[in-house]
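Two complexes, one shared chain (chain A), two partners (chain B, chain C).
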Partner chain A sequence: MRGKVNRNEQIFGLVFIVPALVIIGIFYVWPAIRLFLLSFTNYNVMSKFGNWVGFKNYASMFSDKEYTNSLLVTIKMALIIVPVQTVLALLFAVAVNREGRIFKFFRTGFFIPSITSFVAVAILWKQLLNPSFGLVNSLLKSLGLPTSQFLSSIPDAFYSVIFVCIWKSWGYFMVIFISGLQDISQDIRDATKIDGANSLEELLFITIPMLKRTILLVVVVTTMDAIKLFVPAYTMTAGGPIGTTTTTVYYLWRKAFRLQEIGSASAMSMILFMLIAIIVIIQFRIGSGDNNE
Partner chain B sequence: MNKSKKELFGKIILIFLLFLVFLSILVPYLWTISNAFRFNDEIGVYNNLGVYTFVPKAFTISNFRRMFDQLNMWRIIFNTLLVAFSTTLMSLFINALTGYALGLMNFIGKKFIFALFISMMMFPIEVLIIPLYLTINDLHLNDSYFSLILPFLATPFGIFFMRQFFQNQPKSLGEAAKIDGANQVQIFMKVYLPLAKTPLMTLGLLTFMQQWDSFIVPVTFINDESKLVLQVALTRLSAGLYMTDYGVLFAGVTLSIIPILIIYLLTQRHIQENIAMTGIK
Partner chain C sequence: MKKRIIAGLLCLSLMLPLFACGKDSGTNSSQKETGKQSSVKTDSSQGNDNKSGISIASFPDQPKSALESAINAAKLDYAVEIIEYPQNEYENKIKMAFGTDAATDIVLIDGPNVASYATTGVLEPLNSYWPEDDFNDLVESSKSTATYQDKIWCAPLNEANTLLFYNKDVFDELGIVAPTKLEDTWTFDELLEVCEKVTIPGERYAIMPQMFSLANLNEGMTFTQMLWIWMAGGEVLNEDATKADGYFNSEKSKAGIKYYADLFSKGYATTEDVINAYETGKVVMWLNGPWVVGNLARDFPDFNWGATPMPKGERSASGAGSWNLSIAAESSNKEKAWEVIHAITGKEGAAIWCKETGNIPARKSVLDNDKTYSEYPYDIVNEQLQNTAIARPVTPAYPQISEALAKCFAAVAYGEDVDKAVEEATEKMEKALSEVK
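Presenting the complex of A and B:
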């Protein structure tokens, strides 16, 4: 009797995962294997043919100045976006996590850029930063401040892109932090108040330590997002001026789909994969820490 | 008394600061939307802060008319909604079914398959875009809706998320149903799937938003004008072959902002709660 039940579950269990197995197999596992193989070839899209070239793509990649520049740009962007965005999100989460309609209003408002598509945000800011008719320059002028060419000048273009990325996403992580804050029990807060701690002390010694896990997770996800940036380079700057805003995804995408250099672009994707793999492993370490609690 | 006065004062300062930040979000939207309703020669003329910065002096919907003339806009909206809705509905079912099997059923190979699925989280679309493009080509799916839908019908995150949910449901419910004569399909469809309303809402919302936002995939896979989706169409307006028609560009951005904004304002509590629930995307 028991054996029969198990057999039934064995069959249906496998049947139930068949659709996912097919999809993941064709569109994840096979492409992942293929990426690895492609990175050792000089594959050509037109002739659908490639020769095995060994480590040539990997070797030449790092003498490609534009590529190393794109890696550097990506890392520099991540190094600014991650801390600035995380701190902003946390501070505003603490600020708006209060009773009252006005704070609910702010919570709603700050989230709006998160539900706007990245392309729309990028175009919107490209126009706001337009040197001739953009609102930002007009504001600077009316305040008596120097104006800027923004997206076509160095280093303003780099910081403009970073600003737009943060403007779009900080509200999303604010919401994540608010849910973390609401898990901290009111008793602990009240006790701190009675002990005479001021707001700053409460933030530093109670809130931040209790939110440690959420903070780590937000840092991991933000880092992933920053490493994968593509839309702002494509939409706002075309990677310019002179590569200032060429992210690594934008560079390898252009190499593959504009210059048809599939082999070397695949090798660059493998580097991107390694960066992401490291971050995912860290993420799971943090996640498994959660289960032990 | 003194202390509460001080607290009130602090609160007013805080609200004032928050309001300034809110302005930095509101002003870009207002400026963009108002420009969508201006004639081209009025765009940028009234930039020094005043009434006309945010209200068109001469109101027009001609930008929207021109946009619908230049691009097959109804078709684009239809394509975008078709892809987003069909991906969301079908992927919800497949991810739930898989998460259920991996979370509540016992079968040989389960652990290996789960590990395989989860390890695919290390391959986001940006990493796989090149071999995925070649695979789509091999299957003769390029320039088809299928190229935008099929690869996303099962996702490592979706499976992981649904498995986490089903794993915590009592096995006894299924066993009771089995005694009443239900088969495995009925147990899933009638007993467990209805329990998953909340996580399905959450995952559905995230999937829909991701599909709506999706850019690198359609820009790579679709060249056929009749299969264009909204985000790619926007970049075409932005970097046209000829001089940019700014009125049309602002109209396009406005069109992509407004519907989602309305949905958000109507359901915003759910959206924020749901996103908080996933912990992280």
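Presenting the complex of A and C:
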């Protein structure tokens, strides 16, 4: 009797997860398998025909200087965006995690860019950074500071794109940190104060260690976002000037849809996928290793 | 138990939307849905059943009203639907439409990409529809654009050409007189002298030697940058368009690219992304097509402009090849589709289209019949089209060739070594060409 109930429960359990499985299967697993298979072909979207070319797409990929350059650009961007954005989000989370109207105002203000579409943000900043009529240059001019060709000079374009990415996203991670901060018991904070710790000591020895899991989450998500950057390269700079802001995703998008090289673009995506997977595994290892200490 | 069944059913019902995603057999549902918002029916089509009508994929830069005028004049007795896509996404959209069997009956295709579409089998050859004597009414450059491997794949909407536009106020002030005849055109050295005269360092640049600022990467850039190679006596590819090595990296081609790079290194041109640089006086000369005349009249009516023939290096060269209409191989209404194409690009249609858009006709008869095309600056365009216009190479690898070329020119403008940039581009072109052989 008991066994029968269990079987019934199992069947109902399955029924409950079927929709999720089907959706994940159709929209995530199948495209990933298809991408993997396409990476061994020279598939053409229009003729719907492709020959099996084996590992040719993978072999030729690393002699493609533009691809290796795009990987380098992506990694350099991630190396700046991840620490800067995380530190900024954490510091502001600590600063605005207080009672009071003014703090509520700041919390909302900082969060707003992250709920706006990235395309809208990129277009907005493209206008603001416009060298002839943009607000930023007019402000610099009125302060007597030198102006800049933000999006068409090297390396200004690279840093401008990074700036916009951080501006757009850090508010979101600040909110995640705030929720982490609110999980830290007030008793612990009170005890720290009684023991005579100042604010910096409290941050370094209480807040950060207790936020370790949240920090890990933020770093992992930010890394994945940074490696998958596409919108600012597409909307603000078209990958220019001369490849300075050509991220890998932007480059493989051009390969796939402008140049119709679906096969090699798929192979490049596979490499990017592996890159993200390796980085995330390393981050998790480091994170969980610390927890065991 | 009942609760569980209900919950299970509710869960399964969540999947219903998935079934709604199934393919709608027979009709081009997704294509039509996205396009409908911007689609229109022509006056001649009202009251007709659109299912037996014809659809055209287009983009906003090709004025819909002018297409409609040409179609209306032909008094067709069925509906013609013009579906517009955003310009930057146009090529992607039609490629995906071809890939999902959702293409419109007629598609607009850029001249140099004709071969790349033709080889994938998505276009219908026009030879059996188009009488030879009527095809021969096209100017030579248009004929060569429309033909690939001895078949005709498209009918040109119009021709294109290039001119060196200048700021007449600046020229008058400095006493510079620009030639208006092909035989008097400036040599490369004379152009440099003019550049030197009109440049005010840090304030005013002499020339924008390509269609847009370097922040752009599109066919308009290639269309105008390629000319510097031809004017210097070089070639992009060999005559069969199968080889770049020995052509794109020849000494003559490199001389043209070097000349272009020098315009930047000497401070005559800028890598800055300035909006309306020519119209606002930040740049004095601009290499662009005759459509600039129409744009200036509309947006900057007070701007005092002039136009001079393309400068001459080892030889004269000017751009050619514009957008064309093709029939999708999957269309079930090919005869009607051809009627519509002929309505737009035939002798009467082409005259209407060019009149309304300010473009240069691709037909000799239209050029001869309208006085406008013998008046300044169209007289220069006309002369150039007959004598110096060169069509871009016709090869299925053209998208790769174009991208490699535009990136090479951008790199040298930013100061990269010409030899290095040219070798890199040649390598990319060779790779792309070897894959279509």
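Definition applied: the second predicted complex is superposed on the first by the 252 of 293 C-alpha atoms of A that agree within 3 Å, B and C clash if a C-alpha of one lies under 4 Å from a C-alpha of the other, contacts with A are read in each partner's own complex, and residues count from 1 in each chain.
The criterion applied here is as follows: contacts are C-beta pairs under 8 Å (C-beta built on N, C-alpha and C of every residue); 3 or more make two chains touch, one makes a residue touch a chain.
From a predicted model like this one, the values you see are computed outputs, not experimental measurements.
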TODO: Return first, second, both or neither, reflecting whether A:F133 touches chain B, chain C, both chains, or no partner chain.
DONE: both
Open item on the list: Per the contact definition in the header, classify A:N44: touching chain B only (first), chain C only (second), both, or neither.
Closed with: second
Open item on the list: Output check: A:R34 vs chain B and chain C. Expected answer is one of first, second, both, neither. What do you get?
Closed with: first
TODO: Please determine whether it is chain B or chain C that touches the greater number of chain A residues.
DONE: B
TODO: Applying the touch criterion given at the start, work out whether A:L151 contacts chain B, chain C, both or neither, answering first, second, both or neither.
DONE: second
Open item on the list: By the touch definition at the top of the document, which applies to A:L259: first (chain B), second (chain C), both, or neither?
Closed with: second
Open item on the list: So in the superposed three-chain picture, is A:G240 touching just chain B, just chain C, both, or none of them (first/second/both/neither)?
Closed with: second
TODO: Based on the superposed arrangement, let me know which partner A:F12 touches: chain B (first), chain C (second), both, or neither?
DONE: both
Open item on the list: After the superposition on A, what does A:V73 contact: first (chain B), second (chain C), both or neither?
Closed with: neither
Open item on the list: I'd like to know which partner A:I23 touches here: chain B for first, chain C for second, both or neither.
Closed with: both
Open item on the list: Please report the chain A residues shared by its interface with chain B and its interface with chain C.
Closed with: 12, 16, 19, 23, 26, 45, 130, 132-133, 238, 257
Open item on the list: Touching residues of chain A toward chain B in the complex: what are they?
Closed with: 6, 8-14, 16-17, 19-21, 23-24, 26-32, 34-35, 38, 45, 92, 95-96, 102, 106-113, 115-120, 123-128, 130, 132-135, 138-139, 141-142, 167, 171-172, 175-176, 178-179, 217-218, 221, 224, 228, 230-231, 234-235, 238, 249, 252-253, 256-257, 262, 265-266, 269, 272-273, 276-277, 280
Open item on the list: Residue numbers of chain A touching chain C in their complex, please.
Closed with: 12, 15-16, 18-19, 22-23, 26, 42, 44-48, 65-66, 130-133, 149, 151-154, 237-243, 254, 257-260
TODO: Provide the residue numbers of chain C that touch chain A in the complex, in ascending order.
DONE: 4, 7-8, 11-12, 14-15, 18, 91-92, 95-96, 98-99, 116-117, 120-122, 213-217, 271-275, 282, 399-400, 403, 407, 410-411, 414, 416, 424, 435
Open item on the list: Can you tell me which positions in chain B touch chain A when the two form their complex?
Closed with: 14-15, 17-18, 21-22, 24-29, 31-32, 35, 43-45, 47-49, 53, 94-95, 97-98, 100-102, 105-110, 113, 116-117, 120-124, 126-135, 139, 150-151, 153-154, 156, 159, 184-185, 188, 209, 212-213, 215-216, 219-220, 230-231, 234-235, 238-239, 246, 249-250, 252-253, 256-257, 260-261, 264-265, 268, 271-272, 275-277, 279-281
